[in-house]
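There are two complexes below, and they share chain A, which is joined by chain B in the first and by chain C in the second.
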Partner chain A sequence: MNYSLLTVEILTALLGLGVLLLDLWIPATSRKLLGIIAATGLGVLLVYAIGSAAPGDGTAFGGMFVVDALSGYAKGFFLVAGLIVLLLSIDSADTIHGYAEYCALILFALTGMLFAASANDFVLMFVALELITVTFYILVSFQRNRLSSLEAGVKYLILGALASGFMVFGIALIFGSANTTNFYEISTAQTALIKSPVFLTGILLTLVGLGFKIAAFPFQIWAPDVYQGAPALTTSFLATGSKAAGFVLLARVAFEAVPELTAARGHLFLGIGSITILYGSLCAIPQRSVKRLMGYSSIANAGYLLLGFGAASLAGGSAVLAYLGGYIFTVLAAFIGIQVVVSHQESDDISAFAGLARRSPWMAASLTVGLVSLAGIPPLAGFFGKLMILKAVAVQVGTSPMVILSLLVAVLGVVVGLYYYLGVLRSVYWPRSVSDLSPIPVSGTTKLALIFAVLGTVLIGVLPETTYQGARQAVAGLATPKSPATPASPPSATTQAAK
Partner chain B sequence: MLHQFDKARQDRSTYRSECESGLLNQPPKARVRTLAAPADTMSFAPHWQISGPERWLAIPGNADKVTPEMDSELIQYLPVLMLLLVAVGFAGGTLVVSVVAGKVGRRTRTKDIPYECGMLPQGDGSSRLSVKFYLVALLFVLFDIEVVFMYPWAIVYRDLLRENAALILGGMVSFMGTLFAGYLYALKKGAFDWTK
Partner chain C sequence: MLTTLLLLPFAGALAVLLIPANYRVILRLVALITTGITVLQALSVFFAMQPEVAGFQLVEQAAWIPSAGFNYHVGVDGLNIGLTLLTSLVAFAAVCVSWDIEKQTKLYYFCLLLITGGAMGAFLSLDLFFLYFFNEIALVPTFLMMGIWGRGERKFHATYQMALYLTLGAMLALVGLASLYAASGANTLDIVTLNAWLAQHPLSSSSQRLLFPLFLFGFGTLVGLWPFHSWAAPGYAAAPPATAMLHAGVLKKVGLYALIRVALPLMPDGVRTWMPVLAVLCLGNILYCGWLALRQRDLALLLGNSSLAHMGFCFLGLASVSVTGITGVVVILVAHGLLAALNYALVGHVVRATGTSDMDKLGGLLRPMPVVGFCVVLAFMAGCGMPGFANFPGELGVLFGAWDRLPLVVIFAAWGGLLIGGVYMLRAIRSLLHGPVRAGLEGASDAGVGIALYWRSLPYAVLLVPLVFFGISPDTLVRRIEPAVIPIVKAAAAPSSPTLDTKSPSLTSLSPR
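Showing the complex of A and B:
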């Protein structure tokens, strides 16, 4: 077994443990150092992960853990998201009670995302998702003295536990009917399996668990409350890393484990995606709280990504991953502005953003790039992603009436999106009434995070080819057979005994 | 005479060599259906202790492969359904019986108070506990539960050391290392300072 495949995961977890322990010996006045160490370490890991990319496919733990184009593609984005969030957190080092734990938890959640990107087995998928979700229960309710943070934490905990329960029950049914939980082994037997009602129920229940992670209709109910109640830093990581991990896993299940089922039931994804877009877009219109608005925006975007799954083609899958890459940078760019304003004003009402263009041009620029990209205006990443997804869906016109309907809904969602995203920007640039025009100070680390996020959003929008090719290779790589599990050696002998 | 552990170990290594040669994954050439032993001679020995063609059948899961009809798979869940019916029936039945029986009997003030192990119920139902108790529970996991994992590990340690030393030692070292980090954390955070 090749342990070197797990280098990034192991080092990320060790970095988290190291930060946790380091806090015990350094004085309380130099907490910022922890964030700087964590961010630097993650930066080094990111460079290492990109530098050591394409070492060839490989599997570990009897085919459970896989390194392929998709895992490499997703891990890069996860590490960038973790890096930006950690950089952004350095400013709050003195206000967050338990900053070392906060950094460590972000790194542990990131470890879960990295494992999720490589999960090639329903069991590892479940464990990775639990690692992400359980750390997020704590991260969401981290401000223990704020009632709304606790409320968000409890809501996330209860609904998350329910979704995990659905998922693990689904995995049990899948194992009961397929006699394996490995994605590759399931894919070799899928033609017979997808006729079995037990297996289909299992897949459906697993999708319930994943649907919760990505906040797709009808499992979206937690998103606005949790996004609003959680600290803005946590929300930014929840909206990018956690959501992206859910989509990467969905891509693995849909395109590697049961591609025939995805192709046969594509209209289901189109239907759910359309309803999700409608719900997210329409509910976002009356929102006054920007964090809550981002929650609904996150639901709407999950809908667009699901449309890509509905296309059930190479183009659809690559469009999903390309959109996801741009989406991470876009949302982080928006959240950098939100985080700075919220921590300065202690309010996330749209009126708190009034006159931001004059108070802090940096933050106004970041927020503008993020929201304009989310609204899907060229030449930013959000436009390119939506274009690719709608293109992939549009070529399927004629196969099902659902296709035209979902295209119409998607266009409607974009139009509605223009209204509510630009509504925030109107307050930033052309406020109705401004009471406070004092400048908001922006630290160097925040500027660095901002440069990463804005640069990523703009570059993916202007030069989409690299991202799209990476995404295309990642999806194409899913169809190639993974080396099957090693013949009965002691570990698999125990799995046989378990059967 | 061999100690029973040595015997088991020997059996296991024979079994493992057969696994590696792929012998065990082949169903016997003879018709498998005839292999199903009569109920009275049914052996519950683990498959590595059985020789001959019955071994393939004794591997858990293989017996099901004899009858590959996929449409009867729901039958397997019949016990689950029965358990569900029993559970719902018991819970619902108890409620119904207590309501019905409660209407028949005589009511007194004493009978109407909540039952609490024969004592008079007093105070709030949800009393608050000191956070120290939760701390004790967490420390218990740190110091005690890890032994649960170390015990089976120690049993197979010598066997697996020959096969994959990095896995058997590295696995436990990383596990203990993580727990040790937790121990240091608890120590420095003052979790053992009971007087505070």
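Showing the complex of A and C:
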């Protein structure tokens, strides 16, 4: 058993526990220190994770846990997301009741995401997802004195539990028909398995669970309510880390466990993706609450990512991952602006953003970069991701009329998307009426978070080669066998014993 | 050399970003100096390029996103050499007319330089990824400039309409580019490689016919092809002068440039199928938009619609698929770019001096503002195709080039464009400049007073001088353009490729181990 493969996960969890412990000694007046410690620790971990990114593939826990190109790629982005959210939280240290717990929960959710990136087994996938989801139940309802936060928490809890139920049932069916839950072992037997209706039902039910995490139609219903009700900080992490974890797992299932099924039924993803884009884009038009708008935008973006799965190719998979990498920075850039305005104005109505360009040029810039990138306009990351997805889908033209339809929907989605993103920008730059033009103060840590997010969005947009190359390797790595070959792990036959 | 030209505006934008917002004069000077150097650089490129030589010159290449097949590749030939010069001239003039901007100066010049850089990059890039990339960079700055510094009651509406139409067009073109990439199998969007590759492995007829409309209507919408034109006139009327100058003068040309560069040589079967359609649609621009211009009482709307009518000539030239016609189109692109910029600069001045662009409220302006009035007369003359201005050889080339293939359309176009154009331009001159001075306008200031008159008239001179120069000596342009057009026309007239159904060549589904 090679525990060194789990270094980052273990250290993140320990950091979370450490923050909880430190809270006992750090006086209530200097809570910010906790956030600074947590963020610094995570920063060190990020450097370590990037520095040690190429120790070669390996598996642990009898093939359940895998370290490969995909896990390395995804973990880097998860750590960045966690780091930016923690940096951003420092400002609110005095207003969040129970700040130490908040930081610790973010770190625990991050641990779940890191495990999700490495999950090579339906069981570990479920455990990692539950770790993320259960922590988010608390994070969403963290503002106990705000009714909307509690309401969002309850909604997320009920629907999340339902989705988990579907997923467990699906995993049971998969185990029943395949006699294993390991992705690699399933993939070796997939040709026979995908003819079994029980197995297919199992995969479908698992996709229901994942569809809930990524807010794809028809499991998107929670997203706007929860995004709006949750504290902006939580929403920013929910929209990036949690969503990305769902997509990374979906990539594992679709491209590693059952690639033949993905290739054969890829049009299902195209169909769901198109409907998701339409739903997200059209429902976002009348929104006045920016957080809610981001919820719908998040749904629409899930649709684009699903189109990449629909392409069912190396190009499609790497487009998804490249999109996801840029998406994390993009959404965080937007949410930094939203978080600062919401905590200053105590409202997330579009009118609260009026004249932001003059009140705080920093925040206006951050919000602009985020929203413009979400709209898919160069030179920002969102453009490159959308282009890659379109390209991967366009290759399939001629295989099915669904492909052309989904391309048209994608075009429509971008145009509609531009409309509602520009609606926010309009308020930022040329409001109809501004009553208050007092400057909004921005702290150093927030500026640091902002620089990270904006720089990431711009760099991935202008110099996408590194990201795209990483994404390609990650997806290509999924197709190589990885279980019993590595000496570090026991043979995968013990998988079932491990359960 | 070209990379310097491309980076100059962006470097200026970065410099503007770093200067504190309250140093207004320095911000203006930085923008002025940057665009000034850009003009000099563009001029030196213009003369460094050898005329009468086919192929790309001054090429610079670098790997950019090799794993996706996109590379940085810039170069000039006859098609874009005039347009880069145009971009720099219009940008310089646009900075000159922006001297009176007081509100959020920093953001203003940042946006202006971004638009300039985007347009420059779009023209210089020989990789279609970067052509699209740079063209789209300009979208948000345009939106912000129109919103913050625009005018008129319909500003919000016009700004949104323009942004959405432009995005729709750009997205259609993007889907076209993505499909072209996928269908060609060349694994690149580099125009040189694509040309060579598709000459060997032409796309199947059916996919050409499918792809061509995506380019035609996608890029066509960016130009204001009828019936996707309704964003243009109200949009430019609502925009601040500098934005209208840059967009109508330069950015709009990217669509036509891309059509000539991409759609014509790469998809000969698509050309054969769709050019007759374009020949009919261009009449929509020439006649319908000309008629709209005839009915306008607002100077800015009149010029917007007249500009759309001019674009109709460009589409007619495209539809002719002849060397004379397309050379004419490229001349019009340059000429009309200068003219449109001049028009909007002048309208901007009239609005600033009198507070309105409604022609019913204006009159006799030649007396209080002789310099501006003089420029308006010259601009309108150029607009109705008077010999001596660069528009004339261009429109003549288009009409001559199209006569062989589309005689009927040429008759309508010549009648419509030149006659209607003459009528509305002369009527506008009469109601704007001649007659008694309207009450309240006696004191309307000319371009400037005393010494200021000279440098305040500079932007008009910067645009008028090349307009006249290229009009008197069109050969300067034509002998550069023609060698580039000949291979394009040859490729567009290539014999039909065998009809076989495209099996997409690279269905690289993940192979299970």
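In this text, the second predicted complex is superposed on the first by the 484 of 499 C-alpha atoms of A that agree within 3 Å, B and C clash if a C-alpha of one lies under 4 Å from a C-alpha of the other, contacts with A are read in each partner's own complex, and residues count from 1 in each chain.
Throughout what follows, a contact is a pair of C-beta atoms (placed from the backbone, for glycine too) under 8 Å apart; a residue touches a chain by one contact, two chains touch by 3 or more.
The shown structure was predicted, so the numbers you read here are calculated from the model rather than taken from an experiment.
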Tell me the contact category for A:Leu282 with respect to chain B and chain C: first, second, both or neither.
neither
Touched partner set for A:Leu405, first chain B, second chain C, both or neither
neither
_After the superposition on A, what does A:Gly176 contact: first (chain B), second (chain C), both or neither?_
first
- State whether A:Leu24 touches chain B only (first), chain C only (second), both chains, or neither. first
_Quick check on the superposed pair: does A:Ile221 touch chain B, chain C, both, or neither? Answer first, second, both or neither._
neither
*Who does A:Val168 touch here: chain B (first), chain C (second), both, or neither?*
neither
Checklist entry - Can A:Ala60 be said to touch chain B (first), chain C (second), both, or neither? => result neither
Comparing chain B and chain C in the superposed model, the one touching more of chain A is C
Per the touch rule above, chain A residues touching chain B in the complex are 1, 3, 17, 20-21, 24-25, 176-177, 179, 192, 195-198, 487-490, 493, 496-499
Note: in the complex, chain A contacts chain C through residues 187, 190, 255, 259-260, 262-263, 312-315, 317, 357-358, 361, 368, 372, 377-379, 383, 387-388, 390-391, 393-399, 407, 410-411, 414-415, 418-419, 422, 425-426, 429-430, 463-465, 468-469, 472, 475, 478-481
In their shared complex, chain A is touched by residues of chain C numbered 21, 64-68, 104, 107, 129, 132-134, 136-137, 139-140, 143-144, 147-148, 156, 160, 163-164, 167-168, 171-172, 174-175, 178-179, 181-183, 501-504, 506-513
Touching chain A in the complex, chain B uses residues 15-16, 19-20, 22, 24-25, 46, 59-61, 70, 73-74, 76-77, 160, 163-164, 166-167, 170, 178, 181, 184-185, 188-189
